[in-house]
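Presented sequentially are two complexes of chain A, the first with chain B as partner and the second with chain C.
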Partner chain A sequence: MIKRYDLIVVGAGPAGLSAAIEAAKNGLKPIVFDENAKPGGQLFKQIHKFFGSKEHKAKIRGFNIGDELLREASENGVEVVLNATVIGLYDGKEVTVKIGEEILHYKGDSVLIATGASENMVTFKGWTTPGVIGAGAAQTMMNLHHIKPGNKVLMLGSGNVGLVVSYQLMQAGCEVVALVDAAPRIGGYGVHAAKIARCGVPFYLSHTIVEVTGAEAVNGVTIAKLDENFKFIEGTEKTFEVDTVCVAVGLSPMSQLLKQAGCEMKDTPGGFVPVCDDSGATSIPGIYAAGDVAGIEEASSAMIEGRMSGARIANYLGYLDEDALQARLAELEQALSSLRKGMFAPENRGKLVTKTEEGIDTSMSLLEKGYVADDEIEKYPGVTKGSGVHPVIECTQNIPCNPCQDACPKGCISIGSNITSLPVVKGDVACIGCGMCVASCSGQAIFLVEDDIGDGYGTVTLPYEFLPLPEVGQKGIALGRDGKEVCKAEVINVRSSTAFDHTHLLTMKVSTDMVMKARFFKAE
Partner chain B sequence: MIDIQEKLKEIGPYVEAADDDVLVCRCEEVTKGEIRQAVHAGMFTMEEIRRYLRSGMGLCQGQTCGKLVKGIVARELKVSPLEIEPATSRAPMRPTEMRIMAQDGGGANE
Partner chain C sequence: MERIQTHPILGDSPKGKLVSFTYDGQVLQGIEGEPISAALRVAGVMTHRYTKKRHEPRGVFCAIGRCTDCVMVVNGMPNIRTCITPLEEGMDVRTQYGASDKREEATL
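Moving on to the complex of A and B:
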């Protein structure tokens, strides 16, 4: 008996599962193979809240999105086979799968490749020393296996992966000694950089690793500044005592199966990818690609691409008529294009965007040091003054994200129909200090500030995601956006709520003249 | 089609570099210097380098070093990495024990 399926999906990550769900909803019988012991791809390592809007599952943490996908897959009868490694894709859409001690053959009327990507590496002296690890490996250790990768870590790479993993390393109790990137500017979202900068992590842009030392394991790392030709400038070396060096220098699509199958491929600066249309159809009828394997993006867009491929495949096999397909694709296309807007849109990759869509100067301090300078912050529309408690939204880059707009029960925050617009605080609405906006911001960029609570003091309420949670009455130091000490602080309230989803709201008392500077609490 | 002799003249002779001893392919223990020398011996494509040095033929199947090797070859040839002809993709995509391969009954396992 030939095991035959309407759709064979390779890879049970966000793209593959979404495609299988979409196909199954249209009546197809899909099977999903994944070489890992657990489904979900990288989603279960993502403990941060996602960006985007409601339709992109914004402000939901990645692993919860993973759970939702798995539930949806099982409700729709998607068969997921784990520990199943697809090792070949042949003519007639036949795949060979290694399961246990056997190699099994399956045939699909359609095949979707959603194998994702693997981490890039860089070579430097000592890069093979135990303790030099990929950022993805660090995430796997921390967030899947609950193992601390090291105690003192240097992160190489300031893209979103480097930034997000640096923060997670700190959450796991590691000390991140520095974040280093050969590029002259931080590659990832400013809000991700700002939340590590205010904890005191220094950024070294235009720097890279000269050497890692240690015979049996990493015991130190030396970095140096680079000139315009990416050559080390002598005399700029800095050495850090670390036991771990984390590398986050990009991803490459794992597209080998598509190439083996004979799909037309193209080599791009982003990796070796199949030539395919918007819904992932490759040059071979019936073979599709979705997610990172078709071009590196992130999980939110991978899920939409998967749905598009799923719908297209349903049409290809006659389960969905052309009109219904076009309607569905238009809907998904809109969701996808909104994610590809703003300062980090694909067409802006590598470019310096000097002004926001609102015409405000981009903070160069944010791009080069990881934080908006104190004298720049008031230029942005979310940063307002007022008597009584009020939100201060330090969102300064046009990124596709808008959960804050729906968070305020009083409707005091507005982004409007353009998802990348900077949030505006409406002056005529009274803030009740509920903190829903603070917890809703995936970038942890919203603070509640009250200038004057008497005796020369004011308060700052900040999102706090570290353990142990400080206690009311605890004294410490308020750190500025640059992570440097600004004044003494006392915790006067700590709020936790299911609605905040593990983002705690810490309110600290600081002197009134420091309420616009103090952005983090460090226990003494 | 690149004229190998012309290209070799253009790139000049192999000159030793300080970081030639850095391992690039960890699985098969191939160094940067070996890859550079291979280019000067006339290996200009990923397929040739792979057959000549076994880089990318180990446990990770070039997942880690593929891009690095390509970069080294491109720099040596003074071209963009996009111009380097990629290697062929072949099954098995992942390391598979011969014992298991031998049991692949083909049609019988369909």
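Moving on to the complex of A and C:
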């Protein structure tokens, strides 16, 4: 017997769950199939704080957002079937699902495809050697299964995935020996690059892998510089002893079911995607697509897209009238468009943005080496001088993010209504040194600086998310933005709080002339 | 590779139940319910199979059940994706050669 549902959702990730929740809230009975043993898609591997604003759940870590989503789904009676692989989508919105060794048939009055994306690969000599893994695989191993993917890792790819996973590898206790990208400039957020660079990880832009060595498992990797035609330049080879090579070279939408169903498709630089409107309606009435399968973005936008599709489907099936739909879509559209603004907006993909919205020159050092140079940093409006403790916000690219603005109890920090504006530190408000801004910054780009505490010393307070956590009195070396040794440092305070959500505030004492250079603490 | 005991964001790793299984006849231990591939990686096993024609080693690549590079012969059944198959007490896990656990299936 074929079972019928108002809505069949394929994929229990951020887009699929959000759509099912929205539809259920409007009275539909949705069922969600997912091939995995656990719901949530890739959200539970995301241990960093998300960007955006409050409505996008900014400064909340991905896995916590996943928990919230699951709770909301269960509260709204969304039925999720796991270990259930949808293998076909046919005429009349009939779906075949493989559960165990059985194939079951379902029929939906509407079907939403939210199957996400899979990782791309590049080939090089030795690319199939055990130990060459996807960056997503590394995330899965360390953040879900609690094992180290490797001890010494080289990362290929400097998009946000490559940057975020590199940092997570270090959090898991792995050594990242280098971050390599064939492109001449770093692809992901500068703040993500900066937090790796200041730990001392070198960036090799315009470089790629020549060869991975090792007969049965990776034991080394050689990279070389590329000329403007992407050909290796002889004599520029560098070899690293590693046991793991991570590949983060983009994602491709998993749109096979939509193609099979006969939806109109298009080939884009971002992959093979369905032609669909803003709410995910494809060329076939009743079939929708949301999230990465409709175009690669990120979990935050996937959740909004899912809600839009859910509302649209509720209207399609007569559960939501046109006015209510338009009102809801307008609200969601606004949230979505704010995420698509700034230097990393879809229309800027692959382009070099030379100036910020404020008219300040983009730091080329940040794009090419992963850190803002010491002589560039004071150009940005979050970097100010003051007597006494004050925030120094090293946020230099227009990205959609504003939690710092709400974090300060004194109202020191202002971004304004344009979510991509660079934060400004107001000179007329006194900082109390509480550190809420430091902990709230998803990019870990805020520091508290006090120039002079006497005896020729000042302090720098920085966000710290590694183990072991240094102790008060511990002596070590302060590293600069470039990860190189700057001067001696001593930890004089370590603050931890539930409100900081696992970001510790480490205050180190350095000589006064180094407070604008020292950005990381390395124990001796 | 080692297990992560304590993580700066995720805290202490959950303590699971240790179970025994065999890898090519050798007794190994892992945590019940974790992917077979996780237990193998902790034990230092990187090669899961050899390709049929060229006898090349393959191991985990995607870790989410998509790429099928990590398949092995589990309890006599070939082509089992070890990265998404939960470990059980007493499992018989074998290196896969071509499409079986017989070495001659993957020779030059």
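Keep in mind that, in the parts below, the second predicted complex is superposed on the first by the 523 of 524 C-alpha atoms of A that agree within 3 Å, B and C clash if a C-alpha of one lies under 4 Å from a C-alpha of the other, contacts with A are read in each partner's own complex, and residues count from 1 in each chain.
The working rule: contacts are C-beta pairs under 8 Å (C-beta built on N, C-alpha and C of every residue); 3 or more make two chains touch, one makes a residue touch a chain.
Computed from a prediction, not measured in an experiment: that's the story for all the values here.
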| item | value |
| --- | --- |
| Touched partner set for A:354, first chain B, second chain C, both or neither | neither |
| Partner chain(s) touched by A:118 [first = chain B, second = chain C, both, neither] | both |
| Chain B versus chain C as contact partner of A:130, first or second or both or neither | second |
| Which of chain B and chain C A:107 touches, first, second, both or neither | first |
| Partner chain in contact with A:35 - chain B first, chain C second, else both or neither | both |
| First (chain B), second (chain C), both or neither touched by A:269 | first |
| Touched partner set for A:229, first chain B, second chain C, both or neither | neither |
| First (chain B), second (chain C), both or neither touched by A:257 | first |
| First (chain B), second (chain C), both or neither touched by A:98 | first |
| Contact residues common to both interfaces of chain A (with chain B and with chain C) | 35, 118, 128 |
| Of all residues in chain A, those that touch chain B in their complex | 1-3, 35, 85-90, 96, 98, 101-107, 118, 120-125, 127-128, 252, 254, 256-257, 259-260, 265, 267-269, 271-272 |
| Complex contact set, residues of chain C against chain A | 1-4, 6-10, 13-14, 34-35, 38, 41-42, 46-48, 56-66, 69, 83-84, 86 |
| Chain A partner contacts - residues on chain B that touch it in the complex | 19, 22-24, 26, 32, 61, 63-68, 81-82, 86, 88-94, 96, 99-101, 103-104, 106-107, 109-110 |
| In the complex with chain C, residue positions of chain A that touch it | 35-37, 47, 61, 118-119, 128-134, 136-138, 140-143, 145-151, 171-173, 215-217, 465-467, 469, 502 |
